Amino acid sequence: MSGAMLLEASGLEIRFGGVVAADGIGLTIAEGEHIAIIGPNGAGKTTFLNICTGYLKPRAGSVRYRGRELIGKSPRAITRLGIARAFQIPQLFAQQTVRENVAIAAAARAGRIAPFTRLLATPERDKADALLALIDCADVADREAHELPEGKRKLVDIALALALEPELLLMDEPTSGVASSEKFAVMETLIRALEARGVTSVFVEHDMEMVTRYATRVAVWSSGQIQRDGPPAEVLADPEVIRTVIGTA
Amino acid sequence: MMRILFPAILAALAVYPFVGTSYVPLLTIVFAKALPVLGIILLLQAGQVSFGHALFFAVGAYTMGFVLRDVGAVDLVLLLPLATLAAGVAGLAVGVFVVRYRYIFFAMLNLAFSMVLYSLLEKFFHITGGTDGLRVARPTVLGLAMDRAEFELVLYGVSLALLAAALAAVHRLLDSPIGHTLKAIKTNETRVEYLGVSPRRTLLAFYVISAMLAGLGGALVAVFQGLATPDYAYWTRSGEMVFVAILGGAGNVLGALVGSFAFEFIRSFAAAYVGDYWQMTLGVVLLVIILFQPDGLIGLVQRLGRRPGRGRAGAAGERGRSERNAMERV
Amino acid sequence: MNTQLLLLVLFDGIAYGALVFLVAVGLTLVFGVMRILNVAHGSFYALGAYAAVSLAAWLATRGMPGWLALPVYLVTAVVIGVVVGGLMERFLLRRIYDNEQALQLLVTFAIFMILENLQRVIWGVQPYFYSGPLQALGNVSVGGVTYTAYQTLFLPAIALCVLLGLRFFLRHTLAGSVIVAVTEDREAAMAVGINARRAFLVTFVIGATLAALGGALASPTTSVLPGIGPDMIVLSFAVAATAGLGQIEGAALAALLIGLGRSFAVFYAPEFEVVMPYLIMVLVLLVRPEGLFGRTAARKI
Amino acid sequence: ADKPDKVKVGITTFLSGPASVFGVPGRAAAEILAKDLNDRGGIGGVPVELFFTDEGAGGETLASEFRRLVQDEKVDVMMAAISSGNCLNLAPLAEDLEVINILWDCGTQRIFEEEDYKYNFRTQGNATPEMMAALLYLLQTKPDFSTIAVVNQDYAWGRDSWNLFSSALKALKPDVKVVAELFPRFGAPDYSAEISRLQALRPDVILSTSWGGDLETFVRQASQRGLTQSSTFVLPLAESSLQRLGGALPDGAIVGGRGDHYFLHPETKDTDKFKAFVAEFQDATGDYPIYPAFHMAQAFAALEGAYAKAIEANGGEWPDEDQVIEAMNGLSFTGLGREVTLREDHQGLEDQLIGTARTVGEYDFPIIDNMRIYAAEDIMPPVGTESVEWIGGLDQSFLDTKFDAYTYGD
Amino acid sequence: MLELQDLSVAIAGIPILRGVTFSVGEGETVAYVGRNGAGKTTTLRAIMGAVASTGTIRLGGRAIETVPAHERPGLGIGWAPEDRRLFSAFTVKENILLPARVARLDPAERDRRLERVYAILPELKEMAGRPAGSVSGGQGKMVALGRALMIGTRLVLLDEPFQGLAPVLAQRYGEALRALQAADPSLSLLITESNPALLKSFADRTIGIERGEIETAPVLADPGR
């Protein structure tokens, strides 16, 4: 099922004071994959995403995207290459409405400056509404972002990433904080949308249920290293992984 | 409100000179000074307070002075664009540097630059006329030399027209995609980066525009007063501009006009009637506005037309605030 | 340039820097803690100077020896800090903590205008002058040049004490931690039992007191006149920004730089005297965008 | 024209900022003078009404206020201004607004040398005679010095006055070395660094044409650090600060008052008019009058005189503006010093009184002793000649310029 | 221990809690569940006095709605906010100790509690010296929990404590919290969770909230569906 090589990370190292957050991380991602990253807290999962998106610069190692080196590039440049990111802690524009939030992202994607047309009169408006409907946040479209409850904020955060129409989408615990009643429904539609658009995705996740359902592959982080990497069935069955991450239900 | 109120005000102001003249000079100043305020409002959208826009005001003013002194009789129609351009160039030069900074650093760097200009204007007595300033001769308009009365009338019209154009343009601009990006910088710059957009360049673009607005204002004031002095660039001037922006209300471009109007009138009446107390009067008025009308005079009008649930800072306060410093934190 | 001149530059620089620091540190503190750029700070300075000079001069006519003015200054400063600063925080600032920074700044701007005017009403526009302490402490001679011990020794000493005192207060006392916590997140602070309001009040009063003290201590060295406030405040701004957000040590270094820069200018390039503080600030921020001692913001995402 | 019910007079003076030390006494004087005038029935039976506005508010606000007074209040005469800078800006404005303007205190000589004005008149001397008097007095009384330093405020007055003084010095005593030219900004609160530098340089003479708060701060800090012991101070404007400086000003400093006026003026101090004014001024302010007060007296004398002359010329009828202007030309009037005459270039001819500070029993502040009064004509260029070139042509004979000498007490 | 009598909150005019009424018994552990935006966090913030509310809030029989926000922790209420709210200027340890210092506990007592916290959350001991600003999302949650336990002697409010925690840890917390109750039977816990499955294991009781109102018959959303 997995197509051409998309992203290739190798030998990533970074430490903060004493903490080793990445210690020779290497991971390859092929088109069409949906890779779940699991691992104990503080293992370095977010750090990995931070490196891939240019927020942190590793002491060593490289990340190639379609053969292009990403290390040293700014988050902006990397985003322009088609890599979008959703955050563990939602990053929204607090004082603008949810619809505006998403439309801004869409406009950024379209490179639309249009100094004299209203944002909500541009085609981006419809894009925004479509996306909000997808993650079923249409009801809060007119709320200012800071008014939203945590769960909704997470979803809107994902919508912003989607609005960039990325080739590769990196999501940091996309549905943590989203009520379990919606969780699955949302992730379901989300993954379908990604498939439909042919978007490859990586998502950090602590909910094994999610992992088993939606990941095509699982990578297990543990104190800055990749402890295990493979198809969900195998990896989640690995006693070591069960001991360090999953625990006995 | 831009639809109803704006045209109404314009119409009223446009016919005024035909019914009465005594406030023509004061109103001209009001219009001219509303321009830099508009520039301030622009930057406030991105959460940035410039404490140095007097710099560009002064650049505009002195450009007029220098050209008229050293080049000779240049026509107003040429002078204004010239001064605006000069301010724009200055804005670019300073902007490239300051847009890298935020909050107090942004505010203070702007202040620093304007104070540097201020000191230079003061020090280079033989070029700039020093503290006493530079006289600005009265230029021709479309080739005609005019006496004071005519010229003041013309200037009234010109300032009003320019201001109206600027207000309309900025209003559009702020609601446009790039305008919204600007506002986004205020609450979450990191995310803007992650949208593939450069906050700095966006800010720079608007910075230059605001500088040009300030410059135009300075130019108009200078020809009107026939004078350009270093304290055009002094920090309290910049403070005044921010002051007026808040007084009028930074939430809407009309705030610039309303604020400038209120400010100049309060000032001249205070000067006339409470004499030594004019400063205090202004201060008290401002306090009252901020405490009881945080979104400025314009907010009063605006409030009526606003849907509930979108209340600004005041209302959504608690969470709004914690949200804000959450944003600083996350 | 010969060493003797350098020496003089050094002394003038330190003397002036010490004074600037005493005033600017209060502003830096208030800004660091409350994120409010207090434009009225300069007015506290002026009030301090006026109150101190008129009180001391009056007492002197009642036969108070010059050195006794020093304790008087301290008392005046504290009274002003507590009364004026306290009232301002309690009845004005407290109401706008939830509003935007720009708005908070403007409130202080309004208060600045009012206080400036008020001070003119109370003390008029005539200059006041009383240099009792200055004379009491006498002169010292350096390389054939006479300095007042007050400016070259006493003020720097005081500045040093204030620096160390504040440092200790913020780093090693509960009150200090409380203030720091409140700065970062009021709601969270309340949730661990901190009385945010009191913390803000205390901070602001300290800041105001320092400004007033600066004014009081400056009064013997200059005639107290309308307009000293606004001049001092821009300097304090420059210091606060150069220092880095709320960095006490930064403020000290920045003030010193500015002091030296100024006296350098006077000796070697008088035209640049006025520009110096700003040039220094621009240069520093060019190299260190977060200010001299500024910490780069904590992890964001 | 038929009689108005008031003659409105607008006056600009420093009411705020360091300079207000100097401007406020000016206002006090104006109020006293207006009251007296009105008690005497006003101008040709018409009372005067005064409108004050603050020069401290800054050039632009001042210009607007000037406008407002002329256009809205419809004042008949303006009196502007103290600061040379403001005069340079307001004189053209007055011309533009076609209102009579009396330059009541500002000093820069450039005003009438660079422009011809119809509506502007200066009822007092200007920088040139004021500086020449100071220089002459120095050269005549303390000729043996070889180095000089200047500490002036950084604005028109400070610059122009030094320009005049120094070029005259170059012409008359070329060997003197200028060791430092310091122009601290107007209103600077602290001169420590400047003083250190001066102490390092040890000039024989230190000139400062500063005034108001600035002068006081400078002199205080200088004397505190013993600078006043090591150098001779030449302070052409210090008369206006003597009372507040008290002991800080060392005996022996050369002190002037920009014209011939002084509350102990040897020729006029005993006239009833003079005594009455000093008394009233003391009641009002608690101080002896300083020279802005005297300059104000001259402005009022000129105003009254001009109207009287115009009314007479108009056969008892109330004059229109042009007739008043007509009357102003060549007008002679007497304030509280000697008589002053307006030349055809509208510049006043005012003699110059200057002397040496000395502490005496009767006053708790130094008084001016060894006074010399120089005649205006002798120490300023004739109409049409620019000061700078006139000074260029000075030679040693200038040092023999006559004067009337007086010592305190007789 | 805790009793809420028709507690209502409105923000910017919108009603967010409508007459919320329920109680948590002494030593009881209550799961407070509801979908996003139901009002869980707001309820906790109201109890802490972080938002203005109407109705009554009783702690151990005493009405505390009039007690100023900053004095409520002193009554023995600890709160671990959903969004962590750490003080990044301090280290992890300083964060945990802060409530105790503010309450001026004597050092002995303070250390006793600190040990208890470390016992429950050993990870914190390792992180003790690190700047709180630098810790990871999940680590942050732990620090917030530890901080709440320092001061919360009678009632601890946990806002989605498991959110973002690796499952092993989540489980261990379950156990740890139970251990806590065992150690101190009078301690009451109110735990919000949008994912009730995690609480099934040890909550004594579940209260549901929906659109700001208490659901009478809370149906625990079953993950399977």
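Order as written gives the chain letters A, B, C, D and E; numbering starts at 1 within each chain.
As a convention for this text, contacts are C-beta pairs under 8 Å (C-beta built on N, C-alpha and C of every residue); 3 or more make two chains touch, one makes a residue touch a chain.
This is a predicted model, so every value here is computed, not measured.
Visitor: By the touch criterion stated at the start, how many steps lie between subunit D and subunit E on the shortest route?
Guide: Steps on the shortest route: 2.
Visitor: Can you list every chain in contact with both subunit B and subunit D?
Guide: Touching subunit B as well as subunit D, we find C.
Visitor: For subunit A and subunit B, let me know how many angstrom lie between their CA-based centres, rounded off.
Guide: Here subunit A and subunit B have centroids separated by 42 Å.
Visitor: Report the inter-centroid distance (CA atoms only) between subunit B and subunit C in whole Å.
Guide: Those two chain centres are 31 Å apart.
Visitor: Averaging only over C-alpha atoms, locate the centres of subunit A and subunit D and give their separation in whole Å.
Guide: Roughly 78 Å separates the two chain centres.
Visitor: Could you state the distance in Å from the CA-based centre of subunit A to that of subunit C?
Guide: Between these chains, centre-to-centre, one finds 48 Å.
Visitor: Would you pick out the residues of subunit D that each touch at least 2 other chains?
Guide: In subunit D, the residues touching two or more other chains are 15-16, 185.
Visitor: On subunit A, where are the residues touching two or more other chains?
Guide: 46, 88-89, 91, 147
Visitor: Give me the residues of subunit E that touch two or more other chains.
Guide: 11-12, 50, 83, 85, 88, 134
Visitor: Hey, which residues of subunit B end up touching subunit A in the complex?
Guide: 169, 172-173, 175-181, 183-184, 186-188, 190-191, 193-198, 309-310, 316, 319-320, 323-324, 327, 330
Visitor: What residues on subunit C touch subunit E, complex-wise?
Guide: 174, 177-178, 180-181, 183-185, 187-196, 298-299
Visitor: Which bits of subunit A are touching subunit B when the two form their complex?
Guide: Residues 53, 74-76, 79-80, 84-85, 89-97, 100, 103-105, 107-109, 112-119, 122, 124, 142-147, 160, 164 of subunit A touch subunit B in their complex.
Visitor: Touching residues of subunit D toward subunit C in the complex: what are they?
Guide: Against subunit C, the touching part of subunit D is residues 15-18, 20-21, 24, 56, 181-185, 187, 189-190, 192-194, 196-197, 199-200, 213, 216-217, 220-221, 224-226, 244.
Visitor: Tell me, which parts of subunit D touch subunit B in their complex?
Guide: Spelled out, the residues of subunit D in touch with subunit B are 15-16, 52-53, 57-61, 63-65, 67-68, 71-72, 83-86, 88-89, 92-93, 96-97, 154-156, 159, 185-186.
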